[in-house]
Structures are given as C-alpha cells and as structure tokens.
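One chain, chain A, appears in both complexes that follow, with chain B as partner in the first and chain C in the second.
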Partner chain A sequence: MLVIGELINGMFRDVAKAIQNREVDIIQHLAEEQVNAGADALDINTGPYSKDPKADMKWLVESIQKATNVSLCLDSTRADVIEEGLKAVKSRAIINSTSADVEKMETIFALVKKHKAQVIGIAMDKSGVPNDKAKRIELASRIVAKAMDFGIASEDLFLDPILFPVNVGQEQEKEILESIREFRQLCTPAPNTLVGLSNISQGTNTRSLLNRTFLTMAVANGLTAAILDPLDKELMNALITAELILNKNIYCDSFLEAYRKR
Partner chain B sequence: MLVIGELINGMFRDVAKAIQNREVDIIQHLAEEQVNAGADALDINTGPYSKDPKADMKWLVESIQKATNVSLCLDSTRADVIEEGLKAVKSRAIINSTSADVEKMETIFALVKKHKAQVIGIAMDKSGVPNDKAKRIELASRIVAKAMDFGIASEDLFLDPILFPVNVGQEQEKEILESIREFRQLCTPAPNTLVGLSNISQGTNTRSLLNRTFLTMAVANGLTAAILDPLDKELMNALITAELILNKNIYCDSFLEAYRKR
Partner chain C sequence: MELLKEKCVGPINELEIGSGVYAVKVGGQTCMPFLFQEGRMPHAPVTAVEILDCEPVDWPEDLVKSLGSRAKDPVVWAKDVLSETHANMLCVRLQSAHPDWVNRSSDDAVSVLKKIALAVDVPLIVIGCGDDEKDNDLMPKVSQALKGYNALLGVASQNNYKTITATCLADGHSLIAESPIDVNIAKQLNILVSDMGFDPRRIVMHPTTASLGYGMEYTYSIMERSRQAAFMGDKMLAMPFILFIGAETWRTKESKDGGVLGGVNWEIATAVSMLQAGAEILVMRHFAAAKSVSKFVELLMKRGR
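For the complex of A and B:
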C-alpha cells in the first residue's frame, strides 16, 4: 500500500502562509513528520491562494527534496504547474492527475512519458462525477486504453474512483468500493487503485472514524494507494492491521511498531 | 448485520461461577448490558466447567428470557444440550452449530426443522479445519446441499468459514475473507455468513484493533452476522460505520447514537 501524505497543501491556511512567506522549516518539518509517520510519498499542492503556482511548486519541490527523498505527487489542475514540478523533481514523480477527457489525457500522458512519471487517472470527465459503478468503470477503461496508446505501464497508473462525502452521496460508497475491486481487473498487470481518502468524511464530525473504516473496507477490496493524513495514528494503525490481515506484513506481537520502523 | 453477543459463555471463569451458583442477577445483567450495547441476539454456552450442561443450558435460557426477548444462539458441541435449550426457548433460536459431517448435519438439521430454528454451519469436518478457500467452499456447499434436503431456507443458514488466529494462520485470513464473499453466491436467496470474531486475535496483544479491522473487512466482503463482544465500543463504532458506508443506515451527524437508540 502506497501511503501518500496529504498535508502539504495550500488549501490549509498555515501551509498557504508558509508557502507565501517561503518558510522552508515549516514545509520541511511537515514533510519529515509525514514520512516518519509512515508516508511513502508526499502530495504537493500549492493551493487555491497561490499567486504564482509555478514558482510555488518549484520552491516546494526543491525545499522538500532537501529534507526527504520519498516520491512526490505533484497535485495541480494545471499542466504547466505540474511540469514546473517535474523539472525540479530528482526521483520518480506521480502526476496528480488526469481526468478521462481526451485532451487532458493527451497533455498529461505526454508529460508522464517525457518525465518517466507515474500518474493518477480520475474516473470523471467534463460531464462531471459519475453516479454509479458502470460509469466509473467506463471512464477508468478509457483512461487505461489511452494510457496503453501512450505505452504507459499499467502499474504506473493509479485509478481513482473519486470519493463522495458520505453526507452527500452515501448511496455511492458501495459502488465506489466495488469499482476499486473491478478496476483491478481492467488489465494485466493490474493497475493501481487510489482514493483521496479525506473526501469521504468532508463536512462530518466523525472524520477519523469514517476515514479509517472506509480505508479498511477499500483495502479489503484491493486498494493499493491512498492520499491521506499519516499523522492520524488510528488511521495508520487500521491500515497496518488491514495489510497484516491480507498477509502483506508478517505478524509479530509488536507488528505496529515493526511496520513503523521499516 | 446480526450482532450476537458472546459474553454469556462458561469459558469465562466469572460466568462459569455464576452458572454454578445460579446467580441469576449476574447472567441477566450480562444479557441486558449486551443488548443495550447493540446485540441483536445472545450466544449461550455453558462452558467447559459445567457439570450438568443440560440443566445449565435450561437455566440459562430461562433466566435470560426473563430479562430480554432477543434471539438466543444455543452454543454447544452436544445435540442433547442444544435440544434442552430449544425446549425452553420462547422465540426463534439459532443453533450453534453443525459441521459439514453428514451424521452431525442430520442430527442438527432435524432439530432445526422440529423447532423452526436457524442454524450455523461451520466449514469444517472430521478431517479438521480447511487450509484454503477451495476446501472452505466445498464444505460450505455440502452444508447448503444438506440443508436444502431438509427443506431449510437458505436465509436460515449462517455459513461460518472458521477463523484462524492471525498469529497461527495469517496466510488464511485473505482466503477466509474471499470465502465469505463466495459463500454469498452459493445459492439464492444468499445464505447468511458469520464469524466468531474473537478467534482472529486469540493470543495477541492487540485484540480490539485486530477484531475491528477484520470485522470491517469482512463486512466489506458481505458478512451478515458475527459473534462478538458488543461491549467493545470501538468495535461497535467500526461496525456501525461500515454498515453506514454500505448504505444500510442513513447518515446523520449523530449516526452512532442514532444506531444505538434504535
């Protein structure tokens, strides 16, 4: 399971401020904290308040790479902002993200190939977010097919069924869990599957419980990656235990500590 | 999801003592506590220390029925002890359990028919506990077929894949989760599926975390019943949330409290 830390995101006011004021210590601390808590990669998003997202992305990538060498997940709706990040990245990056729209896929997949990156493909298009499993699978299939056209290996693709908050689209969650299971069947080797976990609990007052319960269910359905808050210790405990149950780590009495000391 | 409380079991020393001394208050309190915490049914087992399991079973059933009217799950390896319970039960009982052995099934299914009971069928036989999914499905299929011979409705059958403790048979857990999913496909209407949850964490020092994580994964795979400790609040919270995610309860901000007040 690839754990991608979500906390370096300019939508959080304190992060936005640190970006604006070029407070490198704050950003590096946030990077180290997440990695120490179990993040295998870090999502980087300049956020909605950025006045110069390209410059901010470049600065973030450079600052974070001085503190840690985990993979970076470059998160922007703008391809030029992602490209600025890709130019600065030393190791292999994950591009976050493309939709299933042809133009968007062509732009993003060209970047994937040029920079030998991995990429998140979200099962939505211009017509919006799908309302059922069939539509999610159709959109994911389009992404897989186009990625194949570009010669992108299926293991380098992370298919995201796109989460609904449970207080908005509760009836969607079962469809989403089943989509994760079916995405894994779309091609061989199986593509990765990913969720932006915190969406599930948006606007609720039981965020951690909803997050860790959904994550556990998604892991049971074959989820292989998630963007989440690794500082939520109960969430990470649930994840480590779910992977233990699936025999991905070896049981020992101190399996939680053993995982964290990897 | 049918929650069957596990605490009235003579394998616990204080319960064994209460049974031996006919301390009705202790047993009734244990019944009420479990029902108040969300148990839909109560497992009753006279335990290994019982000198007269038939008399103890009768006394337990009568005592508990004075305190609560939930279903009772009569748990014994001896058919005569189960029958003693069945004679005393006022509402519909669940028989816990039969294996896939022909003689055992014939004895137990005759009781099921005679007393209009429901029944737990465990995917094991005289040769022991199965080591893979295929064997579990073969044994479960035998139970389903024999139940059909007896005219038992599939909804009255609870198929148990039989849990391994994670520190003993870790590589079995994934097979067990998949078995739960496949048991549901064995016939139409789908049979119920059940686990004796606490087995998963036997001998470990992270019991509650292992229990609730496995339960959440099992619910994601179609589990419809479990014998568990309903007084474990975090376990019940995980279960309520997993069922919410599957759209079985309606979301509201206080969904945990709302479920408990049903």
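For the complex of A and C:
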C-alpha cells in the first residue's frame, strides 16, 4: 500500500502561512514527520490562498527535497503549476490529477510522458461527480484507454473513484468500494487504485474512526494507495493490520513494529 | 514471448564474515537462487565443514571412520578440512562443554578453540554446546577470545538470545538466529535481536535444518516464503540462511545404515535441495560430501557468468 501524506496542503492555515513566509523549517518538519510515521510519498498542494502557485510549488518541492527523498505527489488543478513542480523534482513524481475529460487527459498525460511520472486519474468529468458504480467504471475506463494511447504503463496509473463524505452521500460508499474492486479488473497488469481518505469523514465529529474503518474496507476491496494523515497512529495501525490479514506481510508478534522497520 | 518478471524491492543483506583474503561474502542477491535471468546473485553460496572440539563419540561409524585419527585432535582435523575439502569456512561446535558430554569448563573449551583459530585462515563459525545455561557462560568468552576475527557465532533462539546478542554486539561478530521451522518466529526473533541495537544486516537465519526424508520440504517452504517476503521489501526477513546439513543428515537411519555412500549421498542430496531453497551457508560433515557440493555450486554459478 502506497501511503501518501496529505499534510503539506495550503488549505491548512499554518501551512499556508509557512508558504507565504517561506518558513522552510515548518515545511521540512512536516515532511519528515510524515515520512517517519510511514508515508511513502508526500502530497503537495499550494492551497487556495496562494497568490503565485507556480513559485510556491517550486519552493515547496525544493524545500521538501532537502529534507527527504520520498516521491512527491504534485497536487494542483492547474497543469502549469504541476509542470513547475515536475521541473524541480529529483525522483519520480506522481501527478495529482486528471479528470476523464479528453482535453485535460491529453495535457496531463503529455506531462506524464515527458517527465516519466505517475498519475492519478479521477473518475469524474465536466458533467460532475458520478453517483453510481456504473458511471465511475465508465469514466475510469476512459482514463485507462487514454493512458494506453499515450503508452503509460497501467501500474503508473492510480484510479480514484472520488470519495463522498459519509454525511453527504452515504448511499455512495458501497458503490465506491465496489468500484475500487472493479477498477482493478480494467486491465492487466492491474492499475493502482487510490482515495483521498479524509473526504469520507469531512464535516463529521468522528473523523479518525470513519477514516480507518473505511480504509480497512477499501484495502480489502483492492485499494493500493491512499492520500491520508500518516500521523493518525490508529489509522496506520489499522492499515498495517488490514494488510497483514490479507497476507501481504508475514505475521510475527511485533507485526506493527516490523512494518515500521521496513 | 515476453518474460513477466516480478520486481525485487529489497535485496538479501550482503554480509562479510572473516577478514583478509579469506573473508567470505554471502547474500546480496535480488532473485531466487540461480535464476540469473531474473536478477543478480553476486556471491556463490559457501560451504563450511563442521568439526567438534573433542572426539565425536556418538557420530555414525561410517562418518567417524572417514575421519580416521584426525578426529582425536581438533587442530589436525581443522587443518585437514581445509587442505582436503577447500571449504570456504570452518565451523567449530563446542560440544565438549555440554554438561552431559565432557562438561569441559568454558575456559578450557575456549583455549582449544583458540588453538584451532590460530591454525586456520578461513572465517570461523562457532556454535555453543546446546545447553542454554552453559552457553550463556561459554559464548561471551568465545566472543571475546575471537575479537577481531569477525566470526559468525550461534545460536540465538527466541528463549535465549540476549547474552549472545550482547556479546556479538560488543566484539563485532555476526550472529545466527535460529527458529523452529516457523517463519513467524524467525521474523520475531530478528526483531528482538535488532531491538537490542544489533545491526539486522549482521544476522544469519537458521530456519532449522530438516533432512531429506525427514521434513526437508517444511524447511524448504519456510525459506521460500521468507525469501519472497524479503524481495517484496520485508527487511526483517532479508537475512542470509545457514543450514546445518551434516549434523541433520547423519542423524537419519539411511545415513547410519546405508554404508558410507548412503550417508554421503544423503548429505549431498539435502544440501543441493537447500541450495535451491536459498541457502547461503551450508555446513557439512563428511569431507567427500563437502567437496561434491562445492563443485556443484561452482557448476551452477557458471551459468550466471
């Protein structure tokens, strides 16, 4: 399971402030903390308050790379901001993201090829977020087909079914879990599947419990990556245990510690 | 047709034992044994020959006969091992210290060991007598006496690992961690040992040797499972394997009753099977078996060149 830390996001006030004031220490500390807690990659989003997202993205990538060498997941709705990040990354990046719209896919996949990156494809398009499994699979198939046209390996593609907060679209959650399972069947080798986990608990007051319960169910349905808060220790413990039960790691009495020693 | 290859995330730990020109390196591979088209196998598996520090009174007659008078003097025995078999390592089992055997004092056992160590150049594997209480007295003395030798000492088990781990840590030796044909315990023991500050890259795993006809396939499957996990990135199972082939096969009825060739062949057959399971260090007893297995390893490694 690829754990992508979500905390370097300008949506959070303290991060936005650190970006604005160019406080390298705060950003690097946040990066190191997440990696030490088990993040395999770090999501980077300049956030809604950024006045110059291109410059901010470049600064974030450069600052973080001085502290850690994990993969970076460049998160922006703007291709030019992503490209600015791609120019600065030293290791293989993950582009976050493209929708299933043809124009968007063509722009983003061209960047994927140019920079040998990996990419997240979100099962939505201009018409909005799908509200059933069939529509999700249709959109995901469109992404897979387009990626193949571009010669992108299916293992480099992360398909995101788009999580609904449980207090908004409760009837969607089962559809989403089933979509994850079906996404894995779309081609061989199977594409990766990914969720932005914290969405599930948006606006609720039991966030950690909802996050970790959904995560274990999603892992059982074939989820291979998630953008999440690695500092939530119970969440990470649940993830490690779910993978153990699926025989992805060999049991020993100290299996939590063993996983963390990887 | 394109060959579908699984990607190796984590290689097996590379470990050096001994020093100088005779030092051996094991591990470092990124593929299952001898599948050279799938990855790297930088070091050939090595053979060690096991001797006792006293006369082997309960060994099968055929094996004792093959040793002749050298079995009476461990220093001669050790030298002959190296001149006659060209083994890469020497394994000394300090059997004499066992309370039910000669019950030699730890100091006396160590003084014999020192004489052996001075007489040979190859890296040493030293195994305690098998009695936990005695070994906890004996092995720290062994470790100190061999300081600087970069030896491989054993054995640590789940119920008795602290003393030997601490002493190997202090004197710079590598350690054999033994588990009872159980991959879960093997992994747990590696964690326990590394939790003491011992570098996991200095651990060699003994998954417990089982002889051909006596459960060898259990050892085989444990080793295979452990290897696959290591290649997928499980650092707590990425250690090289040691197998005590001679000690196990010469306990079998076939070896005892089969005439000298019966035992030798049983030892060879078990050893070559363990090579395919991923063994890095094979500890043999019969000179002829050790020689054959070394030759076989050479043949297998040629295919990778």
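Observations, loosely collected:
Operating definition for what follows: the second predicted complex is superposed on the first by the 262 of 262 C-alpha atoms of A that agree within 3 Å, B and C clash if a C-alpha of one lies under 4 Å from a C-alpha of the other, contacts with A are read in each partner's own complex, and residues count from 1 in each chain.
Just so it is clear, a contact is a pair of C-beta atoms (placed from the backbone, for glycine too) under 8 Å apart; a residue touches a chain by one contact, two chains touch by 3 or more.
Quick caveat: nothing in here was measured; it's all calculated off a predicted structure.
Using the contact criterion defined above for the overlaid structures, shared-chain residue A:M217 touches chain B, although it does not reach chain C.
Of the two partner chains, chain B is the only one that A:N205 touches; chain C does not reach it. Comparing chain B with chain C, more residues of chain A are touched by B.
Once the two complexes are laid over each other on the shared chain, residue contacts for A:R262 go to chain C alone; chain B is not touched. Applying the stated contact rule after C-alpha superposition, one finds that A:Y251 touches each of chain B and chain C. By the touch criterion defined above, A:V195 reaches neither chain B nor chain C. Touch criterion not met for A:V70: it reaches neither chain B nor chain C.
Shared-chain residue A:V166: touches chain B; no touch with chain C.
Where the contact sets of chain A with chain B and with chain C meet, they give residues 250-251, 253.
Within the complex formed with chain C, the chain A residues making contact are 249-254, 257-258, 261-262.
Only residues 166-167, 170-171, 173-174, 177, 200, 204-206, 209-210, 213-214, 216-221, 237-238, 241-242, 244-247, 250-251, 253, 255-256 of chain B touch chain A when the two sit together in their complex. Taken together, the chain C residues at the contact with chain A in this complex read 183-185, 187-188, 191-192, 194, 225-226, 229, 233-237.
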